[in-house]
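Next come two complexes, and both contain chain A; in the first it sits with chain B, in the second with chain C.
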Partner chain A sequence: MATHTQNPAPRHTEEQGRPARRQKPVDAVPLWLKAVGVLVAIYLILPTLVVIPMSFSAGATFQFPPQEWSLRWYESFFTDERWLRALSNSLKVAVSVMVVATLVGTAAALGLSKSRGRWAEAVRSFLMLPLVAPGIVIAVVVYIAYLNWQMVGSFWGYLLIHTAMALPFVLVSVTASLSGFDANLLRAASSLGANPLRAFWRVQLPLILPGVLSGAVFAFVTSLDEVVVALFIRSPLFETLPVRMFNSVTIEIDPTVAAASSILVVLATLFILTPQLFRLVRRKK
Partner chain B sequence: MSVAVLAPLAMSLWRSLTDPSLGLTHYTDLFTDGITLTIVSRTLMTSLIVTVGTVVLGYPYAYLMTRVSTTTRILMLTAVLVPFWTSMTARNFAWLILVQRDGPVDKMFSAVGIDGVVLHGTVAGVAVAMIQVMLPFMVLPLYSHMAGIDRKLLLAAQALGSTPIRAFRKIFLPLSVGGVVSGSILVFALSFGFYVTPAILGSPQQSLVAQLLGQRTLQLLDFAAAGALGIVVLLFTLALVTVANRMGGSVSALGASVAKGK
Partner chain C sequence: MSTATHTPQASSIQTEGTHISLHGVTKDYGLERPAVADVDLEIEGGEFVSFLGPSGSGKTTTLNMIAGLETVTRGTVSLDGVDVSHLPAYKRNLGMLFQNYALFPHMTVAQNVAYPLRERKVGRAEIKERVAAVLELVQLTGREAALPRQLSGGQQQRVALARSIVFNPRALLLDEPLGALDKNLRAALQLELRRIHREVGSTFVFVTHDQEEAMTLSDRIVLFREGGVEQVGTPEDLYQRPNTLFAARFLGDSNTFRVVPGADGVSYGDVSWAAVPDTVAPGVAGSQAAYVVVRPEHMELAQDGPVPTGAPSTRVRIQDVEFVGSFLRVVARSTDRDELITAKLSPGSATPEVGTEVDLWWRPESQRIVVP
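Presenting the complex of A and B:
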């Protein structure tokens, strides 16, 4: 060892040192940064998961961790009239919002993509307004207006405002997919004898379909998850799932909300995880 | 379709200016009633804390996302997207379970000998939960901004003799400032008008602007005053968003993030 370092030491380290230095990555990620990343990921994921053990509690409070376990809150969710009605109201509204917002939003995106100028810009800003306005402001002004229009607690009231709130998403995602669309394809179709409707249906729509579909998903989820406006325009006769959940947390202390939350958390996780897992699996192959 | 929002907005504006008589009394009242200003400054403070908190946690996370393998990146992105798509009510309910009296957080503090940490019903509790709720809205724009920064610039700096830390500070940091600014304005604007977390975790004694708006509408039925406050909050938010737009963070690009925050 000693002779080793003493004798041809300078040459030796230079020859072996250089490749060694190159093997050690020049641009390594420090360990503490990885640790921070793990901690932040835990902070993002873990707190929400407490609703799952909570939902299996046997007690009638939000005491955590539960002392005894049961399935009673799931039973309550799937048998209680009020929860079932809230769920079906939410689904009805969300599906209708998805259909209307996707149709109107796609039409608006197509129209706006053809017209330029001040008017098109103004229309676009107006359509985007519900996106940037705070939910509580929309809730207050819409509630006051609905009192006048007798639309509080009505399906149509929910449909109208949720569609307005979902529209920007459809507009944004369809506009994005339109920007990659070559308008020459439509000219080619019509030169081959297709009428405009057929050209749209057979040529343009299939190409912008990914944008339309992701807009539709966003519209559906926006309505399904919207709670602030829904809270203001509810009535005892018509309320949506988030409203039922919110009131169970704040007013009634009804642990059925834990079961409802757990179901939503699991659904959202599957919804995100499935496509991501597919990507991972495809990469591995 | 946006008439659904514009018409009610116009009605509230009109009412705030004319009910019971023509004038700006409802607007001047906001500054003189003593309560509104207190609550607004408390809200500004809370939004600021939430914004700083999301930058502190979101910046290293987003940076790490640009540095790891694709597989790890997909996992990290999933960790951001799952809460992003999870029900807002469920997430805030989860925080209520955690910070309630005798809840897990309370017990954890007692176990290490710190008593009297009250998170339920205080601004502190609202901030802790809101940082978590808002974090995806910081990470997503930050990451998309950082992903566009050319890493070779840093390698070049290091090849020219700069230390990694110096290269980061002199090159990456300035290039990422745009993302930080637009992410911050977005989170700040979202936090300022945020209703769900304060309503579930806060208390009327320490209420924030959104709660005040709700209370004036649903409990006091003071529609003219509520309208005036609502319009001020709206204009403030629109001004912030316009600034963010000028700074380069397009509203459309951030569109996905914005509305889920309500």
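Presenting the complex of A and C:
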């Protein structure tokens, strides 16, 4: 024991070149921190723990805990055309937003990582705006604009504003993965005969893929969950699942909303977990 | 089916070296002085040339301009007489080795080495064969499936080397490839580079700031200073016949005396030293000041007798004497100029006493008179 603590081995030149050995052992998380973590997690998922059992209730009104179990609210959800259309609208918008926001956001992150100076910083801040602007402000402004452009209650209207709102998430996560990317690899690829497009495709993209994927997931979930702007720009012809749920709660008090919530929660959770699962499988390989 | 089993051989990756020439090559970033200014250089096919110089002297920038990773502001880069100044790197077909290896971390050793071949649409079977051959050349057979991070620094650099020669590049450009390795590994890889250079026969351009490395490896050294070429020559040329004080001091140890050039010699204070014609660097004749350079191993100690007639000398007080095995290192201070002088004496010579005053002398033909 004593000899172990004697030499905190100063880094000398003979160490140079070898990949720096990580000497710091990973500190064990203290118990109190774990406890706090668990408490916060419980606090965050508590509503879900109420809603999901409630959706399996057999009662005609909201019941918790349910006295009898049934799938009637799921049946009601999957047989009611309005709910199904809302779900399909939500998925259509969310998937489209995911694709567009990921493409645009990744391109923006790549471009901005190569540019320096005030101009680039201004563009970056501008793209981040939807993250800091209050949802209600965005909603009112977009509503007025869409009224003029006759885009209220249209797929393209949802796509446009949800993409803008999802962009910051893609930008941030791709920028983070780019900061760990060694630009020398692109020079190496070039010296080995790869044109810039091929070098991006074969070298840079695979290495920043985790950042791109998690950006995509956040874009999808951002759109799927979004309710404030969606409420403003909805129309009876086109409404998304959160809007339908809001109406269902405020106007009809229909327990189907519990089933709908559960479906939404499961969808979002699956999507967030996908990259993690992906990483887990990869590590096992 | 086929009866002919193919044994991978080094010969399958042999090339004739490419002639590289630079004319008035300049890189100007718009700073106070250009990073590289008006470099003219001819590198013969198959030659091993080192770009040597302190950091910021323009050697890496020049290499990058040959590689096409840096644009030229003015001047032309030609490969075998064809101007490639405005060709992007990926069309120049030059191999490049980087100091930090620049291996693709998401690809295995085999995939890394196969990369340039896949970019060139080489067939699957041929890729396999050439990858095997080149991995044998760098002695990494059996590590095909490893990821770069599972290899040591030396192994990683050998993978990078394999990757940069597997596509028979017209020349190999090496940007301080051994800089990140420890001393023993460096020596081993230096030998290996020499061997691979012989076996592949391609032109090698090697950037380093380590004069010893440049001396042991290269056929010729290009010495860089502040964005320009200071002197070009074989290692022996540069060591024995430096043209400037900078060259004399950068390669090896040297004692330097500031002198005033005269008609048939130089004067050092009120003594005159004869100048043997061969030892005078170009440019000294018209120069106001010059330096006499004497290597420590050419210094002799006049202990048992007077300084031989005609031999230049200087009076010193001995400060320190070290026995270094193959020679005696004597550190002394000249009595009149207060300059530090070192001499390497053969081990047989009598050990001088520290604190005594003696004369150090040298043969006029072993000195070199250079411009500042």
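To be clear about the criterion, the second predicted complex is superposed on the first by the 207 of 285 C-alpha atoms of A that agree within 3 Å, B and C clash if a C-alpha of one lies under 4 Å from a C-alpha of the other, contacts with A are read in each partner's own complex, and residues count from 1 in each chain.
Simple rule for what comes next: a residue touches a chain if its C-beta (ideal position, glycine included) is under 8 Å from a C-beta of that chain, and two chains touch if they have at least 3 such contacts.
These figures come from a predicted structure and were not determined experimentally.
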Touch count on chain A, higher of chain B and chain C: B
Which of chain B and chain C A:Ala120 touches, first, second, both or neither: neither
Partner chain(s) touched by A:Leu207 [first = chain B, second = chain C, both, neither]: second
Contacts of A:Asn184 with chain B and chain C, given as first, second, both or neither: second
Contacts of A:Gly37 with chain B and chain C, given as first, second, both or neither: first
First, second, both or neither for A:Val227, with chain B first and chain C second: first
Which of chain B and chain C A:Val95 touches, first, second, both or neither: neither
First (chain B), second (chain C), both or neither touched by A:Leu192: second
First, second, both or neither for A:Met245, with chain B first and chain C second: first
Contact residues of chain A, present in both the chain B and the chain C interface: none
Complex contacts: residues of chain A adjacent to chain B: 26-27, 29, 33-34, 36-37, 40-41, 43-45, 47-51, 54, 62-65, 104, 126-146, 148, 160-161, 163-165, 167-169, 172, 175, 218, 221-222, 225-228, 232, 242, 245-246, 249-250, 257-258, 260-262, 264-265, 268-269, 271-273, 276, 279-280, 283
Of all residues in chain C, those that touch chain A in their complex: 67-69, 88-90, 93-96, 98, 100, 102-106, 115-116, 119-120, 149, 152-153, 163-164, 167, 173, 180-183, 185
Footprint of chain A on chain B - complex, ascending: 1-2, 4-9, 11-12, 15, 57-58, 60-61, 63-64, 67-68, 70-71, 74, 76-83, 85-98, 100, 102-104, 132, 135-136, 151, 154-155, 158, 164, 189-190, 192-196, 199-200, 210, 213-214, 217-218, 223, 226-227, 230-231, 233-234, 237-238, 241, 251-252, 255-256, 258-260, 262
Chain A - residues contacting chain C, complex: 13-19, 182, 184-185, 187-195, 198-199, 202-203, 206-207
